[in-house]
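Lettered A, B, C and D in written order, each chain numbered from 1.
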Amino acid sequence: MEIINKSVDWTTSQIAQKVALDIHDGAYVNLGIGMPELVADFIPEDREVIYHTENGLLGMGKIAEKGKEDLELVNAGKKCITAITGACYFHHADSFTMIRGGHIDICVLGALQVSEEGDLANWSTGEPETIPAVGGAMDLVAGVKTIFVITQHCTKAGEPKIVKQCSYPLTGKNVVTRIYTNLAIIDVIEKKLFVKELAPGITFDYLQSKTEAKLNVL
Amino acid sequence: MEIINKSVDWTTSQIAQKVALDIHDGAYVNLGIGMPELVADFIPEDREVIYHTENGLLGMGKIAEKGKEDLELVNAGKKCITAITGACYFHHADSFTMIRGGHIDICVLGALQVSEEGDLANWSTGEPETIPAVGGAMDLVAGVKTIFVITQHCTKAGEPKIVKQCSYPLTGKNVVTRIYTNLAIIDVIEKKLFVKELAPGITFDYLQSKTEAKLNVL
Amino acid sequence: MINKIVNSAAEAVADIHDGATVMISGFGEAGSPIELIHALIDQGAKNLIIVSNNTGSGYVGLAALIENRQVKKMICSFPKTTISVVFPELYRKGEIELELVPQGTLAERIRTGGAGIPAFYTPTSVNTPLAEGKETRVINGKTYVLEYAIKADFSLVKCKAADRYGNLIYNKTARNFGPLMCTAAKTTIVQAKKILELGEIDPECVVTPGIFVKRVVEITNPEDESKLVAENKRYLWK
Amino acid sequence: MINKIVNSAAEAVADIHDGATVMISGFGEAGSPIELIHALIDQGAKNLIIVSNNTGSGYVGLAALIENRQVKKMICSFPKTTISVVFPELYRKGEIELELVPQGTLAERIRTGGAGIPAFYTPTSVNTPLAEGKETRVINGKTYVLEYAIKADFSLVKCKAADRYGNLIYNKTARNFGPLMCTAAKTTIVQAKKILELGEIDPECVVTPGIFVKRVVEITNPEDESKLVAENKRYLWK
């Protein structure tokens, strides 16, 4: 079964595509740093999606071309980007009015751990030697209506990331809406996890064996 | 003595001029509706003073000429005005950031009553049939560093306006810096009133006779 | 495709329901969305709670909405002007409620409503009748009063120009409460003097980012409230 | 006459005292006033509390200020980048303090500091370690944490252009914390790429009204932090 699974896991691009298909036309979306950034490449062409970057731009475009970078036009990950026609700039308080005030429709974030009840840990491993850094993660999960988590189902060491209780420091409690992994799409509904879709060849039992939290069938 | 007094009271223009002379070069000033508006006419020409109007303009100019009014360029009293070169527009939250945040240097306000301790009542007589209306008065006295009151010393009925305790509803407690009337200029220092200047021919005793609050000599 | 432009004021305000809280921009007539208000009169929603700095003049715009008995309660800082007659009359008769809020507190309560901040402390109104019954707190030796955010079901806002994303710019002191009210309502409805193409508004000069706006209707030549009042006009153009 | 223009960065920062709280604009290098920071290094004030979103990169700008042991404490949301070395090293050795604040809370604490609002409630960080020890309150059934405003003695801000009144405009995402920090300090010091005549900035497009600014110095060709880092430069240009 391990062998079958290895051959049919969704690739990172496929996971990003799954997320992209769940972003509706006209949505205002904030994409976290890393894997979430891939989602933008898979939005169907007939959908107009507006990207917010918390450092003060609504209407973020593609990554800037080599040689055309403007060091004063960057995204939350500090990469040089572009702005679309119809974009606008604003200061940080206005930017977080959009976030905390519930105006952003969807935020896609990476995760260290997600709990059975939809708690998210994605900002710190809590190890004493690491430098704690939170950025806008806590504001995003507190304010954005829909939080999609995109992540590998297990850590590189094979440990489950979808757990009963997060052992890492929380970013927010009961905040995750849906989890997209290489093995499945899982909804958080009333503090329980429901499997919405399995990657080809992945069984519910196999998925549960890779998941510490209890999974349910819809 | 009544006769002498009547002949040498400061005129309204003279009071406004007294206020104007106490406004320093470079000051950011908010002028209340009515008598305070006269102050702007008497600022010495070598002083550059910037007027704030709480409905969203820093750099208010003169009243608009007849026929050149713009109904969307008004002051707090809803009169059509002009804007100086170097002015800027902003929304109400930013405008009251200037006020409540202590960024305006001086506010000149009218008064119904001022108390011995510098309390100001200027928004309501508290009579049941009047429509209560507060506008920005409470924000101004709570936030602006220096509050100048410009007023007739007594009411039209001859009642003192500078009283032991305000009988009208308060705008703010311990907020007045200095009072300019037709009879005198009076400072509020540590909750006591000190006569700073008397109009020509007005004696301290005469002033006290027209003032319910206790006056002191500097 | 995102296109927030709707064809008429009537269409824009069609879903305002009885009992809704509605914010209306404007400082006096400057910035008051008179055509949207008139459309709301035509539409007829009742028992509204209106959040607006004033209560209108004469018998047009907000005053006409009040005269038409659609308003249960006003939340405002200055409910009278030299030419306001409708509100004072109903208020004296006890037929309309008033929540009087200092102007800066009103602005901040609306801003925080839009910003996901449920409450804040302010020095304004401490030791006055407007702080009576409110919680206070001493912070660094100074007393502050606790004020709660205001949110609305709808905001009606006037601006100078808009694009199909809902990005807005305003004209001079007609800006006032507009940008704040856009953020604080579930549904923000805007009347713009002009609809521009995307990109015609300088991205550095957008005052209200489109994210806060749901519908925009172009009203090229809005009525001047003061002119109507001077001419003794009454909506519905009686 | 009002003229906020000063001749040099050195003159602009001359009165920053030991122990001062200093806000520094920027999100990474975008908007970071690197010439003002370098002038502050030359000036030598010590025991500073710095409020800034990050802690600098390489050995220039804010990182150099920290390396020069002028900073007692950092208040920020994200104290590391892929190329930040100075802060992490001192922090691990326990030689610099850190107050970690969620980015939106940091922005709002600065904004309220400038707006005369001493404290506010926010949903951000509830049930996380960053809310530990903080007062919470349930409002309409939801839990919020109480956060206090931050004010500063000085703010150092970079902008695109300024006039002699101190009106400012910014460039793209270099705006970030600048407009907020301008409001929250007793003395706001700005470096502008260009000084314009009064009236050259459209009054509708001014981002920071001059009232919030005390001094402006023109720095026509500011250094690019990332270029300096890539070249392994160290301030004082060692």
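Just so we're on the same page, a contact is a pair of C-beta atoms (placed from the backbone, for glycine too) under 8 Å apart; a residue touches a chain by one contact, two chains touch by 3 or more.
Predicted model, so just to flag it, every value in this text is computed and none were measured.
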- For the pairs B-D and B-C, output the one whose chains share more C-beta pairs in contact. B-C
- Item | Chain separated most widely from chain B, comparing mean CA positions | A
- Item | Where chain A and chain C are represented by their mean Cα positions, the distance between them in whole Å | 37
- Roughly how far is chain B from chain C, going centre to centre by Cα mean, in whole Å? 29
- So chain D residues touching two or more other chains come to 108, 111, 115-117, 122-123, 170-172, 204, 207
- Query: Of all residues in chain A, which are in touch with two or more distinct other chains?
  - Reply: 83, 89-90, 93, 96, 99-100, 142-143
- In graph terms, nodes being chains and edges touches, is this line, ring, star, complete or other? other
- Query: Using the touch rule from the top of the page, what pairs of chains touch, sorted by label?
  - Reply: A-C, A-D, B-C, B-D, C-D
- Which bits of chain A are touching chain C when the two form their complex? 25-26, 28, 48, 50, 52, 58-59, 83, 85-90, 93-94, 96-104, 142-143
- Note on the structure: Note: in the complex, chain B contacts chain C through residues 53-57, 70-75, 78, 83, 89-93, 95-96, 99-100, 129, 131-139, 142-143, 169-173
- In the complex with chain C, residue positions of chain D that touch it: 108, 112, 115-123, 137, 139-140, 142, 144, 148, 169-172, 202, 204-205, 207
- Would you pull the chain D residues touching chain A in the complex into a rising list? 27-31, 77-81, 87-88, 91-92, 98, 100-108, 110-111, 122-130, 170-180, 207, 224, 226
- Task: Spell out the residues on chain C that touch chain A in their complex, using ranges where they run on.
- Result: 1-2, 111, 114-117, 163-165, 167, 183, 198-199, 201, 203-204, 206, 209-212
